[in-house]
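Dumping the structure here so I can ask a few things about it.
Read from first to last, the chains carry the letters A, B and C; within each, the first residue is number 1.
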Amino acid sequence: MAHTVAEIAAALGTTWEGDGDLAITRASEPATAGPDALALAMKPDYADGLAQGRARAAVLWPGADWRALGLEAAILAPRPRMALAGITRLMDPWHPMAPGVHPSAVIDPSATLAEDVSVGPFVVIGAHASIGAGSRIQAHASIGDGATLGPDCLIREGARVCHHVRLGARVILHPGAVIGSDGFSYVTPETSGVEEIRRSLGQRSVTPPQHWERIHSLGSVTLGDDVEVGANSTIDRGTIRDTTVGAGTRIDNLVMLGHNVQVGRDCLLCSQVGIAGSTRVGDRVVLAGQVGVNDNIFIGDDVIAAGATKIYSNAPAGRVLMGAPAMKMEAHLEAYKALRRLPRLLRRLEAADAARQKPVSNPADSD
Amino acid sequence: MAHTVAEIAAALGTTWEGDGDLAITRASEPATAGPDALALAMKPDYADGLAQGRARAAVLWPGADWRALGLEAAILAPRPRMALAGITRLMDPWHPMAPGVHPSAVIDPSATLAEDVSVGPFVVIGAHASIGAGSRIQAHASIGDGATLGPDCLIREGARVCHHVRLGARVILHPGAVIGSDGFSYVTPETSGVEEIRRSLGQRSVTPPQHWERIHSLGSVTLGDDVEVGANSTIDRGTIRDTTVGAGTRIDNLVMLGHNVQVGRDCLLCSQVGIAGSTRVGDRVVLAGQVGVNDNIFIGDDVIAAGATKIYSNAPAGRVLMGAPAMKMEAHLEAYKALRRLPRLLRRLEAADAARQKPVSNPADSD
Amino acid sequence: MAHTVAEIAAALGTTWEGDGDLAITRASEPATAGPDALALAMKPDYADGLAQGRARAAVLWPGADWRALGLEAAILAPRPRMALAGITRLMDPWHPMAPGVHPSAVIDPSATLAEDVSVGPFVVIGAHASIGAGSRIQAHASIGDGATLGPDCLIREGARVCHHVRLGARVILHPGAVIGSDGFSYVTPETSGVEEIRRSLGQRSVTPPQHWERIHSLGSVTLGDDVEVGANSTIDRGTIRDTTVGAGTRIDNLVMLGHNVQVGRDCLLCSQVGIAGSTRVGDRVVLAGQVGVNDNIFIGDDVIAAGATKIYSNAPAGRVLMGAPAMKMEAHLEAYKALRRLPRLLRRLEAADAARQKPVSNPADSD
């Protein structure tokens, strides 16, 4: 699908210069751009790339001299990644699907499909499920009994919406995501080893035989509007109430949210993050890849945790965390630098001891 | 499905007081309970919640004055989570399925299905597979050639039982679990860089070109009775013998067990745990979320590891571990506290050095 | 399928002694070997096992006295794991499939299947997809619009090849692998908290309300020849260019490669590794289980990282890394040892302080 330079600039809400009628069929890196591509060169570093490629139009940094760069047209982008969001949204065909229900799909007669729903091959939709208008369900996905999807959801290949799960509007589930698996919750008839060490901080008396009784999940999962869940991520249902994720929160691939977890609005949970059961996470929290969060704690609004941070206790609003165990970012950087200097310090103290202890014996200094 | 208060108490093996005939249709948190709900208020903290909700019956802590809390009936629970296990088991419809084989399922004629097996839409069952009595296989799951399932297994949507895998009785596989994927095992024709640094502890001489020859997996996977495997978890088959998991062990979502791993009985492996190839894990071991276990080591019975512990070497029976690398819990807590104090110590030593070196020159103290 | 001892030795390119015509139907550990098994006893440690089992033939270490071990034939293996690769390859039936297309498969008329392609039940192949000769696609897998597979690929149960993804020759995707899910890339209209702390190293002024605009993925994924991707692993598509994995690289289960990542040739990425967006990884890199790699960095050729290493910054070619944050292996081991000694050091310094400050006041030593 072709767009003119002027149309693209209008869609981005920004300005253009030169030949606004130039037709663009794709976006490209500057060095590999063909004559029909819009080169993405939002920083002066990319000027060399433009010279290597054959783009006639580019998205450039404000103040760039597009004529001197050999271009016929330019779109000027004051915030490069916002421009990237607009351009990629415009050019992404965004998972086109044939309208209607594929004849191979198995849909319970009691399920309700609103207008303009697309259902792909081998989809299964359970009893009393309800699918909002314009939603699209791709091949091999399954929608459990009593599940409800808001309008314009996109359920990708093989994603699982388990029984009674509730999705808001425009929710996106990527391939293999599982929403509403059972919680991982067990109890031993007698006091377990884990209970004992939580009380004693590590001391153990006896380790009796134990077997695990299953606590079933009577709750479900509720995802707010515009929530996105990445490929092969899993969100467990709650024990009594629902596990919940607030509107606008984006979840990457291979993330795990345990039973009863409550995540606020507009969070980013990057790949391989795990949040253990019953923990509450505020709004606008950003957890980078591989962050782990303990069970039954509270993470305040606007907390940011660097990659692989392991959070064992409550974090107040606005805190920036790093490390395992998590510390405030400044404290972690300082401790880490100190740790790197520690071996030298120990060698120096040993040398000083040796020097002191050789000539005279000083009992006050002995260890 | 409704139960009376007396029936629920009997199922829990505990006592009730007040109106034992009161009909209960669901369990609820105290504050949001309607008049047909059993409020779960096993600790005095929940008394306020009861006042906000409209429950007529509740599960309470021993000695609670249920009349003063405005209730008409009470079940008394000495061990709250055991009561939760009993109540949730009683009230969970537990994945009802239509009996028989869905017409869309593809079942090899040589497969054997015992009585009362349920098979959902689009299920595939391979040659010579054997499905035990009462087992249920949900939509999109696949059972490989020669696989055997014991009685009363539950295979959830899209789970994969690969060829020749053996499941005991009552095994539960959650959506997307993969049992019996190939092991990740390779060898280079010449000595590889990894072999070299294992020998030299980090020193490298040359880094020759290397390519990886695949070691195929001739073994399979055996899961004991009552094993449960979480959503999107993966268990690789063994190289020669089977990878094994003992009876009663529960495995959470996104867990990885490598080839040849042997896990004992009644373990809990929480979400995102990874156990590398050929490691043996004893009985009743509890690994919290994101724990990593090295290959070819041994974890003794009753070991407990806190979240995100990384275990690089053998752990004796009963050991409680924390940290990365794992230490005994007490040692880890002490080291962590010391690390937090280290920057201040370094500043102090620097200040002392400066004070000492300024006025006089003392060669014995020089670094 | 039976092989003679002589045939197996020939396939391994090694020598045999004794009765080369002995028929072998399986490989086995020494202690459990039956008379038709080839016992794998490549180290003298296994001699006792041979005595317990009933093997008549074994693979032995060079120089072993097979007659004294009670055997009738022996294959001598100078490099045991190379022998294991050869034997397991020879004996693995390697996922046999019926030829042709299963009648339940849904294949777009515009898709192209070369000769000798096998397609299992419930497979979906999209418009203009192209499947190379000899490729096999197992049950429930899906191949997106415009995707291309080279010859002799093996796509296991439920694996997802998303639209326009390109696979080379002999690529193996294990069950549930997702190739070509959308990248996880967002931007806020205003400066976000994450941008602020990257600039300020942790200091925050304000935390404005923020919502995330989606950056769509116009690129795809390209996997080179002989790439293998483990069960439930996910590889996201690029934003503009493709995410790429070089020929011969092997990826284990539950691994995540972010958008725009470029991985070189002949790497090993073990289970639960995560590589964040736009990072480049060289050739022959080995990342052990649970390693995390930051976004937008560079990992040089032949880097090796131990299990659970967290890499936040560029790593030069040949570096051996351990720890979180990653250090050179020697530095990490030294720092870790020092950390274990630190609590004792602190206690000693406190004791020395107390001793010094009690009896006399020495201003030169004060803090």
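We adopt the following convention: a contact is a pair of C-beta atoms (placed from the backbone, for glycine too) under 8 Å apart; a residue touches a chain by one contact, two chains touch by 3 or more.
Going by UniProt, the chains are A, B, C = UDP-3-O-acylglucosamine N-acyltransferase.
Only a predicted model underlies this, so the values are computations on that prediction, with no experimental measurement involved.
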item: Chains touching both chain A and chain C, listed by label; value: B
item: Type of chain B:chain C copy interface by residue overlap (half), same or different; value: different
item: Rotational angle, Cα trace of chain A fitted to chain B, multiple of 5°; value: 120
item: Chain B and chain C, separation of their C-alpha mean positions in angstrom; value: 22
item: Shared interface positions of chain A, touching two or more other chains; value: 104, 122, 140, 158, 176, 232, 254, 272, 290, 324, 339, 342, 345
item: Residues of chain B defined as touching chain C within the complex; value: 104, 106, 122, 124, 140, 142, 144, 158, 160, 162-163, 176, 178, 181-182, 184, 186-187, 189, 193-194, 197, 201-202, 204, 207, 209-218, 232, 234, 236, 239-241, 254, 256, 258, 272, 274, 276, 290, 292, 294, 310, 312, 324-325, 327, 331, 334-335, 337-339, 341-342, 345, 348, 351-352, 355-356
item: In the complex with chain A, residue positions of chain B that touch it; value: 26-29, 32, 40, 79, 81-82, 84-85, 88-89, 91-92, 94-95, 102, 104, 120-122, 139-140, 156-158, 174-176, 228, 230-232, 248, 250, 252-254, 266, 268, 270-272, 284, 286, 288-290, 301-302, 304, 306-308, 317-318, 320, 323-324, 328-330, 333, 336, 339-340, 342-343, 345-346, 349, 364-365, 367
